[in-house]
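Across the two complexes that follow, chain A remains constant while its partner is chain B and subsequently chain C.
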Partner chain A sequence: MSVAQASAPAAAVAPMRALSIETIGMTKIFGSLVALEDVSIKVEPGTFHALLGENGAGKSTLVKCIMGFYSADKGQVLLNGQEVPIHNPRDARAHGIGMVYQHFTLVPSLTGAENLVISRADAPAIIDWKKEMASLETFLQRMPFRVPLDVPVSAMAAGEKQKLEILKLLYLDQHLLILDEPTSVLTPDEADEMLGLLRGMAKRKDITVIMITHKFREVTSFCDSVSVLRRGRLIGGGKVSDLSTEQMARMMIGDTQIREGAVRAARPPGETVMELAALYADDDEGLPALEQVNLKVHAGEIVGIAGVSGNGQSELVEVLSGQRELTDGRILIKQKPFEPKRDSFYRLKIFGLPEEPLKNATVPRMTVAENMAFRTFDKPPAAKLGWWLSPGPMRAKARELIARYRVKTPSPETAISDLSGGNVQRAVLARELSGDVDVLIVANPCFGLDFASVAEIRAQIMEQRNHGAAVLLVSEDLDEILELADRIAVMSGGTINYVAPVGETDRATIGKHMAGH
Partner chain B sequence: MTDVAEPLRAGAIGPSHWDDLSIRVRRSAEFVAIPLFALVVSALLFSVFLFALGKSPLDFYSLVYRGGFGTAFSLQNTFQRSAPLILTALAVAVPARIGLVIIGGEGALVLGGFASAAIAIPLVLGKLPPIPTLLIMAVVGSFVGAVWIGIVGYLRYARGVNETISSLLMTYIGIAIMNFFVEGSLRDLTNPNKPSTMPIGDAYMIGKIPGTDVHWGLAVGIVLAILLHILLTRTTFGFAVRVSGGNPRAALAQGLPVGKLIVICCMIAGACAGLAGFFEVAAIQGRANASLAAGYGFTGILVAFLARHNPVAIIPVAILFGGIVASGGLIQRRMDLPDATVLVLQGLTFVVLLMSETLYGRFKIFQVKAAADRT
Partner chain C sequence: MTEGAGLIVFVAIIGGALRVSTPFMFVALGECLTEKSGRVNLGLEGTLVLGAMTAYAISFHSGSPWLGVFAAGCAGAALGAMHGYICKLPKVNDIAVGIAMMLFGTGLAFFFGKAYIQPSAPRLGSFSLGEWTGSQQIATALQINPLLLVGIVVAIVMAWAFANTKWGLIVRMTGDSAPSAKAMGVSVDLVRFLATTIGGFLAGVGGSFLSLFYPGSWNQGLSSGQGLMAVALVIFARWSPIRCVIAALLFGAAGAIGPALQSVGITQGYYFFNAAPYILTLFIMIASAGSKQAMRDVPGELSITK
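This part shows the complex of A and B:
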């Protein structure tokens, strides 16, 4: 069955191909955790629907139940008013439901055309490329956007890749698209363009879209309706035009009180604390990842590094925290060459909050107390004579930090991997920020955390700045940078191509530089 | 996950020290119970194997008991074999703490033993008294072992060479190096049978522990195991090793010298295995020859895994396996089973043990309920 045969008659017969979907009483229980409780949502055909909620609210569980990755303990899925049994992703696909994931599922070494053709369930063993290309061309002519078909995916920009992912679903004749935070890998411009195209297709009743997101801006500018989940339950929803951002935010968070953002204390510009002079480094494959990175960070200042992920930000953080070697260039801290050795970290009071702290800043199977002692285990009082370890003072210190930073743990002796994400982050925060901090290197500190934890962590970072620390904040969340930073630097293609005080720039300018212009 | 702003419940700050103790005890209980369970399961599976051969498992295990532990004589025979097992198991356990799987203890044992036998030749000929001679032999043997496994660690740290493969392959190089000298320039030509180095002579053999028939290797092994346990659990060095082994990225971000720690751990491992080689020469063989490669290095891998790389736990496990090895001869004679039967038991135990790794964290009695805020 060729694509042309499959979709051409459908186009001719049914002018409205978008599907409507309804879930009734979806419930999913993992052990003692009720991940989803009696969730019923209805999405009209040809609409753009947003699923809002914090991490762990059940958005992913809901779409995974719809897609057949999980089988729901209770509840049904109705497509166009008909109950359909979906037992696995193949069933979902047969019913015309497709999903775009947060991360790309394309084969990087293959071209766009090759990716499209091999994604078909009925791809023949021997492919007649001439015929396939011809049918792909006719397919593309009906699409509102194009991507180059003869270029390997690895050479495409993130926006093109994401478009190709969506084309793939349309090519597979799927008219209910589920998108899982599809814009996290895109620049603001790319995101707006893609969401606008999808909205246009939905308006023409070609597709129905369900998008998981936590960005209100995307909901208010592109979505028709919204459902808000909290702790596995449907809290509210309705037409986006009837709801304010505040109302949606309140539904997401509930009555939890959010800590007020720390106030930015006015400070005279401090002296230069950290200076990066022409840094070069390679990535894991030995390809250049950093190319002539220059930057100065002053005392009492947050410099935010914005950029689309994969433009050298993670390598820069690794270089500064001693996890990657420089191939050239110098790091100067307080006007002296800096070597990422334990003694220098200690002497120069350099601390760090890496992204995904459980993976990057802890030893998961060691206890909370031990993890909290990483900075101090070889100093008195935890160490006697410089080498003998006393667990007593170590545990006492951990108890104090646990109380002060409100880390929820059954005991200091619990393995840190048994804590929830927010509490792991707080334990790391306690370890890194409880002393005097002169330099703080932060990378995506709020990734995957709930609102309350996010507010808390941002406030802590701001407090360090107010106390005079030089803070380098690398984040993929532009809103976070705009909220916290005094100056913004944009990284693109392994170098910093734009630096500006936060008051003298705007989202559009930053976005343009993120795209490398 | 609305944890931040909620008022703290009473006790949320942390329970008493007694609860901390109970958590530690329960965790240790898991580390004892699951390997024991694995041992029992592999014994049962091995019984099936014996049934298939038409032999009685009951006879087999009673012979293991008699041949390994039943009499004063067999017990001493067992201890004799436990000494090198403790040391070769330490050679696996110490690198394991920093996340390396090193299985080349056999090579370090052979080279360490050979080096101590070789250095003994001029010392014995030069009529140096036995005690300094033995000390020099021990130092040279463990030094050569340390360098040997140290190379493995350096290759890992500097060039990213897989330490498991390189240590295994270096074992064969090590045995070949010994054979090259033993069959060549250092061969004792007065001995027409097995190619060997010159015997160090009875006067230079290391003595027995007074009142027993067991050589000093056992005592040294036990003391070393306890010392290494203290080093790994109660010193800043051990803490840095555990951090580096548990998460090298986090260790680097704390400025820990991960590469240096890897090489040091490998050198400690090699020194232990080299010392085992020294004791085989100075207490059992009296010379270096092919008998040094008796497989202690490989059985030591099993011992270390069964002891979960805990140096103190290695002591009883090594004695158990020493007994199984020691009873091999008796079993062969009485049950008419081939020599390799004991190897089947060892291999089976290892497979079951590796499978039992999946059981950790699955039994409620060993777990402490985490706070109810997990999402």
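This part shows the complex of A and C:
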């Protein structure tokens, strides 16, 4: 008998299936780092609980301890008031705790149905697809949302995958759902729909939800209670209705000094500096990724490209930085055709901060000084005759940049991969912004950074705009775009389908275009 | 060329395809299973040669060619298991291990096989698909061996199992996304170990065909790279067992072009036509490197695609 059939009658006799969970004094130490220190939280059955905190605050460590990925050094987990030992994810699953990870755990080449059936511990040795499909259909009819079952996961949209992940947990009869930033791949509408449905299920006492997030909007509109972590400790929490966003933000950040957001200098629109004319490009698998992208960026303006990840933004940035070939179309810089080559970047003063800078803009094992010299190592004073390099001036320049951009590194001779994410970002930014900038291409510059670095980096970008640079900002964070951009372009399905000045549009309109309408 | 000669060449190529394709088929099916689990075993050339030697030796000593076939499978499974075990050690590259295993397998076969080059061992029987035509020539050309049918059955069972059994789904899952498999409590190393072992068994059986049926004797130049070509063939077949069979037949046919033309007296370019399978391999590699469909079908965990 399948799980789906087994759970249907169970629902009728036991209306309250949601679990309550409590952690007592959870502590986890990695070497010299205390990742989690004496964290006790309590989540009532049938509630939607948010775990708030910056990157590295210990949210992931906490849920991984609950799930049995890590064994906590101290502390207990109580389920429905009883202590349960959880040594590995399989134990957690047996107790009805399921987790949706930031990266998908579905198997791309298997269909939705295959993914669901194989996830069951009691999957039959020989699968009778007729019977399984029938029981999957009955299961889906009880669910608030559905996904196509006979399509390989690789052909599904991100939203469908996310729904399938959640369906999988429900299919496995799990009633405590832990979600790790579940909306990062969804459009605002999809996110609202999904969180709303989960909230509904929690209200009916079908499930209890713990959601890791850093979006206050999601906390205030969908969650019942919240716990805020900072540097591995529980700082505060309680009912969401009792807390203001400011209070939560203060708990998250603590007393760290945050740089004031740079002021947007009023300035008349400049001339067109960068023009993208009908760009076409393919993705790694040879499928069209960009289809007729048209956009103009003027001097002294930030154009923000919003969109759900995977709609061609990465490919666009790669095309502009010379990492991917165009199949058709042209890029014009100052009215002249532009070939993305090192020489033209230098001549036309085009700089960029790609996403995942450690991968896309540095050589991880080379030193900070060397990485900072990538733009200038073959020009005087770092080089004589264009080929004789002198490390002295390179190091001097690096020291200056490290001080000016507050890069935290033991020395200029440290390998750049040893730096934290925020400092890699700063080091690359220092390299790219140290000279005159006419064009700046930035992609997800603040992904995974703490508040202080975020404010710092956003201010730098704004300063470049105020100095007259044409800035193209690609970001999956709509708030970032709304804060920085002068004009907003929305990318969906590989093309730009909406452009508007930031003052003449709103979140709902942008969201609609992100979904491709 | 007369019409009659054309027919003879055609029948000879079909016959050649049926006769020569079996080792390709078994090695390709074995490699297909291994690659579906997310690992590449380039050592199957060595497995093929060792299988051929083992089959011949066991058949010679026991007098039973089918026992020889089984022993060849076991020898192949042992090599496969070795590859599977070594690859699960940390920081080991499966391609490099495969090349080492290829040299190890052929070396082992040559070492133990010296004594069996001279003696003659009992061979596998055959039957003809061409009896009904009444033509002696066609009947001889269409001689086939039961192993060919076994290979086709194995391919059909494998294709069915990949879609309809728990084990099939687990192998595909492991090959496509190791993190997903781990998250479900599947031991990725164990699945790959078993897939490589079974893959080795199939390749070993393929080797037994070389020494016990066609060409039907044991010598050191027996395989001449067929095991390596079969690995290329899996890419061409886009990891589908059924397409592996078709591709193996195509390779067999290409290999038969030279002898078929010779049988009607065309000896010009004999060596060139004999090189047909190698040329075909080259073109297949070039064509599939640019094939978008192949990119989509490739198991995500394969180190050749990472």
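Here is the rule we use: the second predicted complex is superposed on the first by the 508 of 517 C-alpha atoms of A that agree within 3 Å, B and C clash if a C-alpha of one lies under 4 Å from a C-alpha of the other, contacts with A are read in each partner's own complex, and residues count from 1 in each chain.
Keep in mind that, in the parts below, a contact is a pair of C-beta atoms (placed from the backbone, for glycine too) under 8 Å apart; a residue touches a chain by one contact, two chains touch by 3 or more.
None of the values given here were measured: they were computed from a predicted structure.
When the shared chain is aligned, chain B comes close enough to touch A:54, but chain C does not.
Touched residues of chain A, counted separately for chain B and chain C, are more numerous for B. Shared-chain residue A:420: touches chain B; no touch with chain C. In the superposition on chain A, contact of A:387 is made with chain B only, not with chain C.
Touch criterion met: A:375 reaches chain B, while chain C stays clear of it. In the superposed model, A:71 makes contact with neither chain B nor chain C.
Of the two partner chains, chain C is the only one touched by A:105; chain B is not. In the superposition on chain A, no residue of chain A contacts both chain B and chain C.
On chain B, the positions that touch chain A within their shared complex are 1-6, 8, 12-15, 19-20, 23-24, 233-240, 242-243, 246-247, 249-250, 252-257, 368-371, 373-375. Put simply, chain A touches chain C in their complex at residues 88-90, 101, 103, 105-110, 114, 117-119, 121, 123-127, 129, 154, 284-287. The touching residues of chain C, counted against chain A in their complex, run 164-167, 169-170, 172-173, 176-177, 179-181, 183-185, 292, 295-297, 299-300. Taken together, the chain A residues at the contact with chain B in this complex read 33, 54-56, 253-254, 256-259, 321-323, 340-346, 352, 354, 359-366, 370, 373-375, 377-378, 383, 386-389, 395, 399, 402-403, 406, 408-414, 418-423, 450, 452-453, 455-456.
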